[in-house]
Amino acid sequence: MKLGSVAREKTRSGFLAEVRRRSGTNPADCYQCGKCTAGCPLTFAGDLDPARVMRLVQLGQRDAVLQSRTIWLCASCETCTTRCPQEVDLASVMDALRIMAREAGLTQAAREVAIANAGLLGSVKSRGRVHEMMLVLQQNLRTLHLFRDAEKGPVLMLKGKMDPLGHKRGARDQVRRLFENVARMEAAERAASTTPRCACSDEGGEA
Amino acid sequence: MMSDTFEPKIVAFVCNWCTYTGADLAGTSRMQYPANVRIIKLPCTGRISPLFIMKALEQGADGVLVSGCHPGDCHYTAGNYHARRKYTIFREMLHFLGVEPERLFFSWVSAAEGRKWADLVAEVTDTVRRLGPRRSAWGEPVEGIAAPRLSANPVPFEAPAGTFAAQAEAMREKAKALLAGGEVGTVIGYEQGTLPGTARPAFVSTPEEVDRLVWNEHCHQNLAVYAARKPAKPGKVALVVKPCDERSLVGLLQENRLAREDVVLIGMACHGVQSEGALAPRCAACQTRTPALADPVIGEATPPTATADPRLEQIARIEQMAPAERWNFWQGHFSRCLKCYACRAACSLCTCERCLAEKAQPRWIPAPPDGAGNLSWHAVRAWHLAGRCVDCGACSAACPADIPLYLLNLKLAQVVKDAFDYEAGRDPAAAPPLTTYREDDAQEFIR
Amino acid sequence: MARVGVFICHCGENIARTVDCARVAEYAATLPGVAHAVDYRYMCSDPGQRLIETAIREHGLTGVVVASCSPHMHEVTFRRTVARAGLNPFLCEMANIREQCSWVHEDREAATAKACELVRLMVEKVKWNTALEPIHVPVTRKALVIGGGIAGIQAALDIANGGREVILVEKGPSIGGHMAQLSETFPTLDCSQCIMTPRMVEVKNHPNITLYTYAEVEKVDGYIGNFAVTIRKKARCVDEALCTGCGECQSKCPQGKLKTSVIPNEFDLGLSRRPAIYVPFPQAVPNVPVIDKEHCRYFQDGKCGVCQKVCPAKAVDFTQTDQVVTEQVGAIVVATGYDVMSSGEYGEYGGGRYPDVIDGLQFERLLSASGPTGGEVKRPSDGKVPETVVFIACAGSRDRSHGVPYCSKICCMYTAKHAMLYKHKVHHGQAYVFYMDIRAGGKNYDEFVRRAIEEEGAVYLRGRVSRLYQKDGQLIVKGADTLSGQPVEIAADLVVLATAIQARPGSDALAQMLKVPYDGYGFLSEAHPKLRPVETNSAGVYLAGACQAPKDIPETVAQASAAASKVLGLFSMEQMEREPTVSVVNERTCIGCFDCERVCPFGAIEHREIRDRRGNLLKVVSHVNEGVCAGCGACATTCRSGSIELRGYTDEQVFAQIAAVGV
Amino acid sequence: MSYAYFPGCSQQGMAAEFDRSARSVCDRLGIALSEIPDWVCCGATPAHATSHLLSIALPALTLAKVKDADAVATVCAACYSRLRIASHELREDAELRARVKEAAGVECAGEVPVRHLLDILCNDLGVAAIRERVKRPLAGLKVACYYGCLLMRPPKVVAFDDPENPRVMDEVLAAAGAECVEWPYKTECCGASLSLARPDVVCKLANDILREARDAGAHVIAVACPLCHTNLDLRQADVARQYGVRYEMPVLFFTQLLGLALGVPEKGLGLNRLIVSPKPVLEKLAAA
Amino acid sequence: MAKALRTEALLDFLRAVQQDARRLVAPVEEDGLRLFRAVDRVEEITLAEGNTRWSFKEVLFPRSEALFHYRLSGGSVALQEPDQPEGETVVFGARPCDAAGLAVLDAVFAPNGRPDPDQAPEHEDPFYRRRRAQTTIIGLACLEPGPACFCTAVGLSPTGTAGSDLLLTPLPDQGVFLAEAVTEKGERLLAAHAHLFTDTDDTKEQATRAAEGRIQRTALSGVGGPLATLFEAPPWEELAARCLGCGACAFVCPTCHCFDIVDEGNAAGGSRCKFWDSCGFALFTAHTSGHNPRATQPARFRQRVLHKFRYLPERFGVQGCVGCGRCIATCPVNMDIQEVVAKVTG
């Protein structure tokens, strides 16, 4: 691990400062007690445990963090946030890291998750509400797991849980405008930064 | 510092134990902040007299900051609680006089709060810098702003027929009895004045003289002003008192100026008194119409004629003015002040043997009757009566320049009532509000 | 005409880096009344001080301003300096151009300009300074020690052995404190009670010590050298003079029949039960029982009275009432100790619902030979000997989210001790310790922890436990080992939480009574963290032990002895000098309204009668008792006629400074 | 009290029975719900994982439509969490309020409190009132109340009960006559937001929860979130495949259980839509 | 031959006067009371009968003025003369009592007869002298003296010319002001505005009689004599028992001239200020030692009476009281100097 200037990290332009700004919580407060790791239900699945993510953020290891699978596997259950003795809001840090990874185009580590997120938002954007069946189909199409959960289809149909025609829509125009505005505003807010792409305007465009 | 931006001079009064130490900590921690603040260190906020704030303004400070220990943390246990009460009133008074509230800052900064100190100084400096220099010197009007005038609406005086005469007779009877029985050596009451439609204080010491005494709607003076003075004749003094005058006695008892048994009170149930041909404004809605303390109470009171005190409306109008207008309103009135001190002489609670205004070393109040001298005098007078003034109207009545002193007094009485739920002159056993405190006294203005 | 000398210190580069000291000196020389102004590299150094002394003599200075660091740093130094040159020390003032100027400003111009102004302020002030002479007050050479734990015992014995009388007040029925509850002590593993009990007995037998147990300090009046302390001796309902300590009463108390008692034994932290009349533990001093009225049948419904009947000494007296005594003392040592955070504070650790999650002090009782299990480690729920014990350090400490960001200091050591003692008692057992850092600074401390790990086989896991829950009679502990980056799950039989050390509830009230500052956690504050660690800002009040901050036994004993030596130092004088910065009344203009008396927090205002030559009373005025006045100045602010001045902070001095700002 | 009802997307699709049973229960208990007109999706986890502004602006769009209601009522724990957090942040942060206004074109100050139905049942209505209206007590039914993660976390913003050991659902169902078992996995995460993307991960979490519920002796699990429901109900087949354990543990929305006790006809509860049928358990109970 | 000014031409006259002088001081209404103020527009002037609240003496003897300013630097003191910005001043509307009071001020501050800038005696007040030389007094006779007035009791008249440079007496029936030039200044004023004045045969005798007839208060006879022996004799204690000890009487009085001097300033500099003082204040005679030769309020009140009615006539040959009645009207407790003097001498 190559360390940059940690002092610089803490000030102006560093990775740590950016995470702090975006998450609204200060990862530098983390003293590595590991309570988050101990409580995280997904530690087993990730490549970095949450405490380690915090440590790498403190050390300004942008690439290692943004390319990690852990940030995508975080289920946002907030167990870590709830129990952190230093009152670091880890869940918000994870959100910030996902947003940053996405902006940097670093979603390879957990494509499925990124695609799922984009899929849901796409559904919302076009319909105002989520269409679950479309979501599943899209997800499988985009991840090339064409038949994942396929056996559930008939069961769900039978139980009336999957209705191809169902689902009402809500305030579509308003929502569409909202998405566009958010995209525009965030692009403007990021104008000075190096971010190449905009987060929520594309509907899972990386597939 | 060398730029064109206005660099304000800010005086900070801080306590030695918390804020001064907190400021030291900011230094030890090398926290940077603007260089505009000059610290004056005192042992405790309890020692930081509100009049220091006035003095700083008088000397040209652009802003004043007062800071001490957080409640509960006072090195002397309660200095900050006492100080908080004083600042609560004094701050309101300065606002009422038209001092821009944004220039005064109060805060608690502990010895551990170097960061808070640094941030506070930055904020204070920035705020005052944005406000710019003071718009006028202490006691000088702001140029280009008209001084608004207030007019009072006179309430016609309607004396209840026959009542005064009957009361007067009973009062004279009592006075004669007291003198004849040797119970008192002097009765202080009222007699006919030498100008038409006036009455004046009268000192009688024999039963024969008593016939001089009168009781009518012109008996507006507060005879309690003589209560704490030594009588020329031997023996006790009996005072003819209206209910409002009697409240002065309560104040005098609280402050050990006399003992209850030193004086006999001939209490007069009240119908209000006249001022300039009409009912005195303070009497319009006055609820205190029957003496509570007096030995005999003579007559039956007339209930108040108005439901609302007309002077409150005047206060409200002053409060609606912009600070600069308010300032000029008062400078307009104070500019007439001759420093004759009739207000002080007529006040039954101004009992100091040596008034602060006469203290030459150091000089608290500029002596000449000019802008600064007059403003400081009236501020100190009102401040010293805060929580003590019983609204007898004597000062305003005595003023040859017709300065509406009652507005200041009444405003501060309101502040005291609102903030500390205290009314002067009601309970001889109560602790005066500026000599006591509650740990949960409001402190919204303190950051 | 004043002749003021101004001395500008560079403080090496500390001031000179941002303040042009030479220019400040040049400027100071132009101020009216300044006779001499000079700058120098280190004013507090020997040559610097000599520079001042010489200048005072050569220039006939009447006042001195030293512009350097904070007066909190060197005011005493420079006052002594001017005194050596024959000038009254109170004619020396300091302008703080370091902490409040050079260190907080970067702009050299601005900082220099401000330094000039700060110097001007103090020059104007010092012109109004007057020579002040120290105040002498008599000293009552008797001490009060509040708290009968090891800190209080040590302080009391040291003072008593130094030949001075001591009153030791203990809230509980026996002295001994927490130390009496401990099993063995780190790092030597000597038996706590074995070393404690003899000291307790020594207290009881010492001719210079008056012991009040089951008593509380209610009121403290007065000031250093002259405190009047009101102590409430709560009714024990057992006559101390008659009781022989035979124990008959407690064995016969119907509330104490072993199985039926519902009264938790405080000494065992609820791990056992006790009768309603009881001696808290067998080695208690005094060995006199006390009746717990809340649980006593006689006091609750008037029936019973068995203890009175069985007492062979006729010592039980239900009619006893609280007694209030007043004692005159010259110094007070506060040794009120600490409390441990409840193990129920953590919802994720069961929130107090699991009987087998206990705190460290409870585990001490399980280890102690005098404990509820006779020293056998048996868990509370079913008495089973735990085969797996998880110790969780920092359970509450260093936890901002639970309001305790500080380190409790002793847990690392006692947890290692616990792991070790457990292993000694349960040879086949396994101890796991979750920790964040191991803080083992101290003689033989780190070796001790290493021994627990290396020789006693305790498994140390670096991480906090996120959660634990009960399942199948065990406690599932979900922690992490951050060193391997892995979550860890342990099925334990017993979990011991090293809960945070906290200030005693009510310590804030005690502090207010003693006028001692305290921090946001309720720990009492020392006068200076480094240089006056056992003194407080309330003169004559000293601190010993954990009431000031968490500390272990050696440190506590050291501090207690230090406090005792301070007391003995004070008592070495018959009279004591006090700072003369007190209030003084102008009797000529005082009208005796006594508003000053109402605001004085120290009761320093007295009434003085002024009489003429023939003895006629002219008036009654205020008078300041200089021995009591602490110099806060609230009276001076309250006096409307300006008839009270606070020496050293007179209105003249303040006005001079205000005016100097306006210039 | 009047409640503006936010059903949430899932309650229109996969979890329509949650919506249906909630409405039936509220109807029975005299709680008036009026659906927010033209509401839009709360954005769920994907929104806050993608854009903070979006995650606030979406709920704001819905919240701005709330008129004349004392509170917004939600049934889905995820919707509740998102709406409540959005409303909290809008209340606290004026700058954010301005940005949201620019993005969503609506003004929302987060003034109307967002409440979960359990909160309303326990704290507005009270369990005593529920107990009074119970017609068919769920006597003998052992229920593991599963709260999931979002109902109580982060506690500073959303919790209306002890975040480590919540009791509200237990109390509501106890009032309905059920026996609620103590079990340790009440608030463990089921991995809901990963349901689509990482079914493998979700399976492990579901297995843990199902196992603990079974070990605690529960006949059924009660949930308050459609995502939890999907993971625990639908994924039991995958769990069986992946871990070789067949739990056959019925997973019901708490509203369904409450509805049963209140005597709501089965049609109004949508019990038939559950993958693991509760019929055997319920029948056994009725027989006992 | 007397001159007349048509009533409606008064403002034209005043306007013209204002243009010549730097400052016109006249009675105006302010917050319900009548005061002398420098006026911008002559329309502000009030011609109402009766007296202003206090006299115009502050035009010549300001209530507060700087004698000099000083700055301190190092060991040196730099002095600076104060500005006297008033310049040529015309006072309009001075009542004959107030104008007569100038005799006392002149006697004290410019004792060399009428003030002459070139002949400065040793103990004169240069500030007063300068202002006095630059000031012209246009008196305005009283037609309706008030209840407190007693000028006739001290030998003056409501239409008296003493002290005025030019006296205007309103003759309402004729619709004119009778204009009498009393001094050269008055003559010059008339000459400068001759076009506004016409010759007239009217006299003020009738007006004088009518006005004097309105004054009810008894004449104070031989006040110089009896008072000389009454220092201890009369019951001052009783007469002045109610006196509160304020300075109102002195400050509204046209002849009171006592002042105090203090330095107002700080370490860098300041001003030496002279300002009104009153013998009614206890502090007036207080010694640094604490001793006060006039220890009681009656002693102070006696000083006020004797100073006006005995010391001034004795030492300066001027009448100390002009009978304007202001002290009686403004006193909060109606201390009545006329009543007292009448009582002790009568």
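Chains: A, B, C, D and E, in written order; residue numbering restarts at 1 for each.
Simple rule for what comes next: contacts are C-beta pairs under 8 Å (C-beta built on N, C-alpha and C of every residue); 3 or more make two chains touch, one makes a residue touch a chain.
Source: prediction; values computed, not measured.
The minimum number of touch steps linking chain A to chain C comes to 1.
Between chain B and chain C, the least number of touching-chain steps is 1.
Just to note, of C-E and B-E, the chains joined by more C-beta pairs in contact are B-E.
Averaging Cα coordinates per chain and for the whole protein, the chain whose average falls nearest the overall one is B.
Chain geometry summary: the mean Cα position of chain C and that of chain E are 73 Å apart.
Between the Cα centres of chain A and chain B there is a gap of 65 Å.
With centres taken as mean Cα positions, chain E sits 33 Å from chain B. With centres defined as mean CA coordinates, chain D is found 23 Å away from chain A. Looking at chain A, residues 44, 79 sit in touch with two or more other chains.
Chain B has residues 59, 363 in contact with two or more other chains.
In chain C, the positions touching at least two other chains are 348, 467, 588, 656, 659, 662.
Chains that are in contact with each other form these pairs: A-C, A-D, B-C, B-E, C-D, C-E. Listing the residues of chain B that touch chain C in their complex gives 1-2, 9, 11, 17, 20-21, 23-24, 26-28, 30-33, 35, 38-44, 46-49, 52, 55-56, 59-61, 72-73, 75-79, 82-83, 86, 118, 255-257, 351-356, 359, 361-364, 384, 431-432, 434-436. If you check the complex, the residues on chain C that touch chain D are 346-348, 351, 353, 467, 469-472, 476.
Contact residues of chain E toward chain B in the complex are 30-33, 35, 53-54, 63-64, 147-148, 237-238, 241-242, 244-248, 250-252, 260, 262, 264, 266, 273, 275-276, 278, 281, 283, 328-330, 332-334, 336, 338-339. On the side of chain B, the complex with chain E involves touching residues 59, 149, 193-196, 198, 200-203, 221, 225-226, 232, 332-333, 336, 338-342, 344-346, 358, 360, 363, 366-370, 373, 394, 397-398, 400-402. By the touch rule above, chain A contacts chain C in their complex via residues 31-40, 43-44, 48-49, 51-52, 79, 83-87.
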